[in-house]
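Below are the structure tokens for one structure; questions will follow.
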Amino acid sequence: MKKIAVLTSGGDAPGMNAAIRAVVRKANYHQVDVMGIYRGYEGFIEGKMELLDLGAVGGIIQRGGTMLFSSRCPEFKEDKYQQQGLEKMKQAGVEGLVVIGGDGSYRGALALSKKGFPCVGVPGTIDNDVPGTEYTIGFDTALNTVVESIDKIRDTATSHENSFIVEVMGRDAGDLALWAGLAAGAESILIPEEPYDLDDIIERMNRGVARGKKHSIIIVAEGVMSGGELAQILKEKAGVHTRVSVLGHIQRGGAPSARDRVLAGRLGARAVEVLLEGGSGRAVGIKNHEVFDYDLDEAFKMKHKAEISLYTLSKELSI
Amino acid sequence: MKKIAVLTSGGDAPGMNAAIRAVVRKANYHQVDVMGIYRGYEGFIEGKMELLDLGAVGGIIQRGGTMLFSSRCPEFKEDKYQQQGLEKMKQAGVEGLVVIGGDGSYRGALALSKKGFPCVGVPGTIDNDVPGTEYTIGFDTALNTVVESIDKIRDTATSHENSFIVEVMGRDAGDLALWAGLAAGAESILIPEEPYDLDDIIERMNRGVARGKKHSIIIVAEGVMSGGELAQILKEKAGVHTRVSVLGHIQRGGAPSARDRVLAGRLGARAVEVLLEGGSGRAVGIKNHEVFDYDLDEAFKMKHKAEISLYTLSKELSI
Amino acid sequence: MKKIAVLTSGGDAPGMNAAIRAVVRKANYHQVDVMGIYRGYEGFIEGKMELLDLGAVGGIIQRGGTMLFSSRCPEFKEDKYQQQGLEKMKQAGVEGLVVIGGDGSYRGALALSKKGFPCVGVPGTIDNDVPGTEYTIGFDTALNTVVESIDKIRDTATSHENSFIVEVMGRDAGDLALWAGLAAGAESILIPEEPYDLDDIIERMNRGVARGKKHSIIIVAEGVMSGGELAQILKEKAGVHTRVSVLGHIQRGGAPSARDRVLAGRLGARAVEVLLEGGSGRAVGIKNHEVFDYDLDEAFKMKHKAEISLYTLSKELSI
Amino acid sequence: MKKIAVLTSGGDAPGMNAAIRAVVRKANYHQVDVMGIYRGYEGFIEGKMELLDLGAVGGIIQRGGTMLFSSRCPEFKEDKYQQQGLEKMKQAGVEGLVVIGGDGSYRGALALSKKGFPCVGVPGTIDNDVPGTEYTIGFDTALNTVVESIDKIRDTATSHENSFIVEVMGRDAGDLALWAGLAAGAESILIPEEPYDLDDIIERMNRGVARGKKHSIIIVAEGVMSGGELAQILKEKAGVHTRVSVLGHIQRGGAPSARDRVLAGRLGARAVEVLLEGGSGRAVGIKNHEVFDYDLDEAFKMKHKAEISLYTLSKELSI
């Protein structure tokens, strides 16, 4: 291969830029050029791309977001648009593609691979919900952002002896809520993977009060219900007043953490290797601290599982 | 005076602890003891307080919230409860009081002063809306928290080429929205002090699009309307889709900024001086970098004004 | 005027980019083009510059350093090089110049102004030592960086019950040391403006020990002596063991604080106004929260003074 | 067991407080009391300790340093002092001990275990150099502190087109330098585990210059040599001028990262379980994301190894 391309797709995540940088530098190390495709699959269809040289990826390792922009592109499911994009790549001499995004973005990569165009997926999403890899790029940063936010909310909760509900991202995966709840010492954590027990939540609040501690923090992943809904339920069922904080989009941004940058460097570089070794329809991931690669097909058959031992632990530590 | 007391009241603000520390240390410097009253005026009524020695205020200068807790205490308007509290102070030998809080908290201080119990107010609130002082303790920290949050949101806005509405605190005062908007380079800022012009907001969004910049940030102070309402209006009136982020309670917490700590040190120390000089019914503030004090009465006659020149400037810079 | 230029000179400071952005946007608001000169006066001599449009200054408001680069250029004192640069400006149609930097950088601006080329200085330096303005762009950010660093060092000092000397920047001006020392609750502060009293420093350390507090923090501005020298003196004179931390260049970098961005916006915009109003040989500054401008000549006659009342206060609060 | 104790020993690390909290809460969950011993083995010898209830460890999860203080205690090697401490424990009814610290601290724990007093070690050190566990508590926080500091230094390096040497902690282990160098995009990294190649370092600096990039960052672990020594060598051997920044003690402090808090929670809780299950002379650690425990003896036979694949990767990415 002489020339490959890279794009970012789906929700942006801190560390995507570090991954782009790794793809470019690793490819350049092997005398392979890299084209940066703008706006994900939308740009792929239109052939909107530019050569990324070493200078183009200078000074981006610490930047949040993605310099290549991202978008959701539902029409890319259609064969017609895939063909159109492949034609553009052919014209430009692009022989392979690295797709940085969540497992939704992997579907496009798989479709292209099946058409004979080698693609490798790199897991970039704050939700940590890509099957096959233990961590995704962006999760660690988002986790720290959530924990720092809860630390701030706790200042007010403590000072006013209030109870707060903090709603964090995570539709299907509770990783962010779970890790953040444990790290921030939350009294209760609600995640999609586990049924919640309203009596237990209320008892934990009362237990604190009984020993003189009048504030508490409840973390709820948006996939369970909204913070407002939970507040409503607690009020109706137990007459308990809580305040609600929805962390929202601040969870996606910011300079990537050290770990996310290291992960991005490792996975981005490995994706290039896989392409150069002739791999296609593959995803890269990390398992037991080792970088590895596996079939994209597999990713859709597996299901990401949150580390449930942390859930049990958080219950024991928040007595 | 041999013994004074200090309490925090109303919404908590970063730097309140630094102010408590300054009160204790400055008083100790003059061989005066300081009692810390818990839960604001509620604790005043009940005489819930403890001696704060140098060790008690060690290691708190950098902590958010207030170690003395805070509360809103509507019943303190009644003469009966004021008398009850004064009785408790008398019993404990407390001869004066420093009240750290917003101008709502100043009313209680004024009432007590009129009953012959010397009180001095220290402005502590993130809203920067205490008349008479140019800055309040907590404003600078909250401002930085808001700006850092918008920086994060901008990462996503840029990557996805979206427009975001960010709702910040400020019911009557637009200072936080105004300063944050200017510091974060927001395209439009809506504050209670100025009428908003929907056409101008929409034109600014379109102007960016026309020159290839597809994202924008609109800051709205909660006193104007909620972020959700603004999004609704923009959708209905202009068919523009925006995302909404409500920053909420993270704005109150966190380690105080350097400036808030310095301000807290200066104002807390001055409050003690005013008491020791025989002042009563006074507030301390900062004007042109000089610490000064003035009648609490005046505070209620004056009205805080936001620095409107910043509003004009932000319009010119966000072309 | 139809076209002006902007350069940054001397040590870089957080907020310089925000000032460049303000210069460009304010000028564009008045239909005036702005050329960005690279590497300070070095680029001025060589005519190394590019047109900065609105897009060129997009996304830089939150970046540390300076996108125009900076350098020290001793040969610019020579008439020959000044003439050479003026020739380049003439060729390019540049009619005026905004110089962002410390008072060293103002000398070049003054020389050019005296040759009939209108220049306006904008104070950008972390040292806060430009005469005439109360604050310089970069000071507030550096101050927060120093205070956050001392907070971290205090964790270790407390845990190990050690005494630390923290050396901060400031050759002639003690502002950074003074404000940081007060904000971080340092036991002693050594600044160039005040003679230090070794006995007092030692007594303060011992006083803490006497009441059970075994750690302490001493801040020394580099202009007084190095941290290592102070440690040596304390060891020899009093047998006291201290650890030394030299904060170094981390003090210059980082995203600018909200206040530095607002100041940069105000001063950068005002500099453009002064040029358009026909001003030359002027500097802009802030005094009592109002932006103003004054003769560059005056800047060299005046002397910046640190707020010495903070020094007295810090002594009273660190009993 | 009805009562156990916990101490922190050696250099402090962020997350030690979170580990203490986990020990107390997990033990309380099993109806076991926890005594907090002050100043490490020094306090053990003197029996200086206090009961830690749930309230005592409230609000410490986010604090740097250690609330139990730490110290180095060379005399604890002597049997006499060990016996004295054991006597104190016996008197107080303490039946087991959790030691949080580096592998130096493990020696004391092993000695006590061999005398029949059950001890379990928890790895707490920023150096990540405890054999047997993949990560130590504090490493992730220190890593982020180092990377954020380098980000700041890079602002100045870029603006002035200078080369910087950044000296980071790590006498025998290069983990901090290695991870930070990769995460910060350093041009060269010097670690104790790998011989350094002066020609390669110089060539990398020149290579950047050749393509127009005039700044570079070199990371050196203190175990290789000091930053000043390296600067001297580069000057003498290649005539290259570099600036030096020694990060120093800021690397130890600060609020623990989310990951360090989670790790502290898991390891602290597991240590209690091991004691309650009758374990003695054991250490807890993490391997492939699973918490496990192993003989302290083994820890001294094994040697911690840095992840050298990161070293190779950093060379490829910093072309």
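Each chain carries a letter (A, B, C and D) given by its place in the written order, and its residues are counted from 1.
Methods note: a residue touches a chain if its C-beta (ideal position, glycine included) is under 8 Å from a C-beta of that chain, and two chains touch if they have at least 3 such contacts.
All values reported here derive from a predicted model rather than from experimental measurement.
Colleague: Please give the intersection of the contact partners of chain A with those of chain B.
Modeller: For chain A paired with chain B, there are no chains in contact with each.
Colleague: Where chain B and chain C touch, do the two copies share over half of their residue numbers, giving same, or under half, giving different?
Modeller: Same-residue interface.
Colleague: Centroid of chain B to centroid of chain D, CA atoms only: how many Å?
Modeller: So the centroids are 39 Å from each other.
Colleague: So how far apart, in whole Å, are chain A and chain D when each is placed at the average of its C-alpha atoms?
Modeller: Distance between chain centres, rounded to whole Å: 28 Å.
Colleague: For chain A, give me the residues that contact two or more of the other chains.
Modeller: 151, 154, 158
Colleague: Which chains touch which?
Modeller: Those chain pairs which touch are A-B, A-D, B-C, C-D.
Colleague: Chain D touches which residues of chain C in the complex?
Modeller: Against chain D, the touching part of chain C is residues 8, 12, 14, 16, 39, 63-66, 69-71, 145, 149, 151-156, 158-161, 164, 243-250, 252-254.
Colleague: In their complex, what parts of chain B are in touch with chain C?
Modeller: Those in contact with chain C are residues 21-22, 25-26, 28-29, 54-55, 58-59, 61-62, 134, 140, 143-144, 146-148, 151, 154, 158, 179-180, 182-185, 211-213, 255, 257-259, 261-262, 265-266, 269, 288-289, 307, 310, 313-314, 316-319.
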